[in-house]
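Report on one structure; see the data block that follows.
We call the chains A, B, C and D, going by the order they appear; numbering starts again at 1 in every chain.
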Amino acid sequence: MTRRRTVAVGIALGVSSSFLLVAPFLFKPYGIFILSTWAVMTVAAIGLNLTLGYAGQVSLAQAAFVGIGAYITAFLTTNGWSFWPICALAGVACFVIGWGLGYPALRLQHHYLAFVTLAFNTLVYLVFRNEEWLTGGIYGISNVPRPSLAGWSMNGAHAFYYFCLAVLALVASAIWWLIRSPWGRAFVALRENPIRAQSLGVDTRRYTLMAFALGAGLGGIAGALYAPLVQFIDPTPFALGLSLNLLLMVVVGGSGYFFGPFLGAIIAVLLPEWLRFAQGYYLMGYAVLVILLMVFCPTGLLGLADRLLTSTAKAAPVAAPEVS
Amino acid sequence: MRLSKLVLAVLPLMFMSGLARADVKFAYVGEISGSIAVSGGNFRDGVILAVEELNAKGGILKQKIELTLYDTQTNPGVARAQMQKAIDGDPYVILGPIFSGNVKVTMQMLQQAEIPHIIGGEAAELTSLGDAYLFRTSFGQQIGMPKIANFIRDELKAKTVALIWVNNDFGKGGRDRLIKELGARDIKLAADVSSESGQVDFAADVVKLKAANADVVFVYSNEEECARIMREARKQGLKGPFVGDTTLLSQKTIELGGDAANGAMGHVGLTADAPLKQVEEFKARFQKRFNYVPDHNGLKGYTGVYAVKYVTEKIGKFERKALASTMHGLTITPEDEPGILIETSWDNNGEIDRISFLAEVVDGKQKITKILPKIRK
Amino acid sequence: MSAVLKVRDLKKSFGGIVAVDGVSFNVNQGEILGIIGPNGSGKSTLFNCILGQLRPSGGDVHLDGRPVTGMRPCDLNRLGVSRTFQLLQVFPQLTVRENLILAGQEHRGGMLSRLIGPRDAGLSASADRMLDFFRLTHLGGELAGALSYGQQKLLDVAMAFMAGPRLALLDEPAGGVNLTMLVSLRDRLRAINVEQGSTFVVIEHNMDFVMALCNRILVLAEGRVIAEGDPAHVRRDAKVIEAYLGR
Amino acid sequence: MLTDILQLFVAGLATGGIYALAAIGFTLLWQTSQTINFAQGEFVMLPAFFVLIGMGFFGLPFWAAALIGVAVSIVTLGLMFKKLMVDPMLNHGVLPLVIATIGLAILMKEAVREFYGADAWPFPPLVAATNVTVFGAALAVQSLAVLGISVAAVTILQLFLNKTRTGRCMQATAQNPTVARLLGVPVERMILYTFLINAALVALASLLITPIYLAKFTNGELLGLYAFIAAIIGGFNQVRGAIVGGLVLGVIDNFTAVYISTQYRLVIPLLFLIVVILFRPQGLLGRVEERTV
């Protein structure tokens, strides 16, 4: 990581985080709700980025995990459970299921894996919709309560926003640690060259499953936030569409870049809102922008930024070693 | 083609720039895109038509209406965000949503904000959740379905019913309600076939319906699915008779179903094909403005706006609480307010009451065979 | 001398084609065994079978007298068998030092300690030693992708030794390496062999390199061992000459 | 009972034929340019609207509108799609292109909804909407026509691929572009051809299916998913596989709906898909994709 990059990242980080902290005082409740949504989606996208960006496993099932997390949370909280254990439960449950779903990944080339996960997502959606006794079926589950921390209720938009932000910060720093730990190195090795990685003692099977499970777990946590955020869940949001949308977030942001999901989620969540002035045309505008973005910077926004920053500060040609 | 919407995009701006005096704000929050965009679009255009008419006549209490549109994408998460946005804009009333799920996710917020909302949702429980600011624009299914059940028992003398329904909140809600009502009238359910919204191939479903060979085939789905079902049925020689609700008998279904639609009959809560002068005129105006035939959602949006207009002028000021309280237990007749089209009353839960119709499709036209009186005189 | 690696009657066939046809040999503690043979004589396939990249169709492999036939490459590697590949395979996105640490990290501690433990898995010191040993110190911070081919080749070999293996199987270490680099590579390998007493098997096309490096040479042709012995002896062997020049 | 089964079977084959047409183009694009087209369903939805616009807006007779519609499809969904979207992204791996095609799908749906309307529209049938009775089962001439035409189309395509020089060049390109290039095959042009063929196939599918399905902006959603499943069941690297996959899928889907569950009618195809991928990744008819170690 070149110095210029470090500086650039530092500045960007400082500005954006201070913005996020003061945001509630700049926006009406609507803006705060959108920002909360952004935070939640970013958590899910970070999970996918771990699976896809770092370990190189294409998963189209992230929405299913968000859904599972959301339904677990909605179902139990509306039945009087306290939020905190459930949030953990959602994460763990999805971790376990993700581990299971990871097994196909061990024997499939990436696009086949994409289709297996795609099928899985659709199956889960059907269960959400048809098992009315459990999920409320098409009617969904309404009046999902928002959590309270040590008597401090988070019903208000502000409180809940800061709560989402806190969780995001927590998750982000955990992942930051992870990708800089030997695990992160092993994930990259797995993505770049599994055969070589194996020959160096990297247990590719275990790391692949781990990447899947961790990504899924974060999806579950995002779901556990989504349910109390919207306070009503039904199957529609967790169909394949969201999985594709999360994939979009990761790739558009720059897959394999730590901050990719943050940017990607901005594009996927906020951009449509900014375009709403165009009335009926806003979704078209959104689609066009996404296409152009992919055509002109296929490596994602951060990939582009990376190129710009490093191309100006080119590494000097490396000298040959003196031979004794 | 709907290039007219391009104009629409700038309409609010025109109003704003138009006069210095603050206008009264209306908001439409509904399903402009997503799986039920058809209904949402109709409702929206009904609202737009009414607003444009009123503004042309100088607005309400001499104030022009400033209408803003919000698209829920038929997705509760988005719906909540958009409703919040609408509320932040501090509108006088909110029209929509149509998708009952979206109504449910937003009604709490609207209660807290104390903003009257004139909804298109027909799910039964909506009016039983104690929202003092919610008003329907068409029957809840708990009112429509008994009428159909009676019709099946009394007019058709049917003992068994084969039911096909679309698996979304509209279809599922109606299906659950109907099964209850049929049971109460000990009519047997011979088949219970769910189908997907947007499903195109009904060969399998119709085979199941045929196998049931019931006295009556009840079709409860969106217009185009109804049409596809009846085409497939005709193909496989399933005789019917087909009984259904508003959607089965709507002009759109007939147009799409071709002669396969002939002979379909049922109960119509609210229809753009009602044999009433005002409704026919409305239909003409609507078609002239948007170049397509409105379905009942068009009427719902249109009459919703006029109800608000009437009540507001009745109380003589823009006050939300008063609007809501006056509307409870109120009856509006076309004599009082032509824009209401059909005499309409609301009870204290915001549930609606109107005359409704028994209709049948006879050579490509919806023919009203009987007019059912309002439930409460 | 005790045999580190015993290979008995190893067979591998793809559909009809027999790539390795009953190969048997020992690798003794501390020796450098060279495996030569014309293209398609099954050298690399032999490696892949020994190392579990491919499942042998027959025969078995023992490491220190313990059966390891068809064991997963990562497990074998943890038992102290490392390798390089014919085509050089470093991780261009990682720095040189990172590459080395990666090559060592899986050999210490458990999964968890690798997650919550220190970034460098406590390997910085040995990484630096390895860098210094292969004269790569000045490149430690560079991305491996930015190195010259020869330098990457050195790194590739260095990675194979990072975990201090009992046995290293090197597949054409000298392939495409220029002369100066070749010299340094050779004396580095010798040095390791002497200092760490570690054992190598080397597949090589470059005869001079093999002859200079190895104590014993195995000649493969059409999946069979056609000759075995010290360099001088193998050089004179008629079958070998025939195998190379005969066609 | 038996007539029902026959009826279901034929109906299944007919819809299967459509899935096949969509699936073939899908596999062709994958083979020649590693393009996974998430807009394939919308590709089938759109041409019908070209035709409707031709008739409604320019008052053309159906046949003329149909011809123009197909032509426009080939230009937009074939030529422009390749030149403007695929080419710039080809050497950046599969994912960016996948994302772009997802965007394209949204764009197409929204454009139709916004400019043509959200409701469904009737579409003139290619053949009379009458029935023939075989063994007491009423079979729609339309279904039979759909089945016949799609099978014919595939057969012609097969002949083209195997018998003509261009066809063989295309196969060579599909199997190994580098080698093909060495053999002097104009790889670029061959890839372009596959895109044009794909466009033609989806346009054909559109004309065949819309009279039965009615023209609606959401028609592509399910169709696209089924095209995927068909393509993979049949063999992702196999044109012949796609038709089999399509037909099998159509039949399975119908029988599931009748004899298992309508609410879960998608489940069996999906499970079938997973099983195929896990235990026969090359598909029912596919050949093994050589793995690079």
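In this section, a contact is a pair of C-beta atoms (placed from the backbone, for glycine too) under 8 Å apart; a residue touches a chain by one contact, two chains touch by 3 or more.
This is a predicted model, so every value here is computed, not measured.
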Chain D and chain C - chains in contact with each: A
A-B against A-D, pair bridged by the larger set of C-beta contacts: A-D
Distance from chain B to chain A - Cα centre to Cα centre, in angstrom: 38
Interchain centroid distance [CA atoms averaged], chain A/chain D, Å: 32
Chain centre separation (chain B, chain D; CA means) in Å: 36
Whole-Å gap between the CA centroids of chain B and chain C: 75
Contacts with two or more other chains, residues of chain C listed in rising order: 53
For chain A, residues that touch 2 or more chains besides their own: 129, 195, 280-281, 283
Chain B: positions in contact with at least two other chains: 2, 5, 33, 35, 167
Touching residues (chain side chain D, partner chain B) in the complex: 4, 7-8, 11-12, 15, 57, 110, 113-122, 129, 131, 138, 140, 209, 212-214, 216, 218-219, 221-223, 253-258, 262-263, 265
Interface residues, chain A side, partner chain B - complex: 28-30, 33-34, 37, 129, 137-140, 142-143, 226, 229-234, 236-237, 273, 276, 278-283
For the chain D and chain A complex, residues of the former touching the latter: 30, 36, 38, 84-85, 88-89, 92-100, 102-104, 106-107, 110-111, 114, 225, 228, 232, 236, 263-264, 266-267, 270-271, 273-274, 277-278, 281, 289, 291, 293
Chain A residues touching chain C - in the complex, by the definition given at the top: 178, 180-183, 185-186, 188-189, 192-193, 195-206, 210, 315, 318-324
Residues of chain B that touch chain D when the two form their complex: 1-3, 5, 33, 35, 37-38, 41, 167, 193-196, 198-201, 203-205, 207-208, 210-211, 223-224, 227-228, 231, 235-237, 252, 255-256, 258, 292
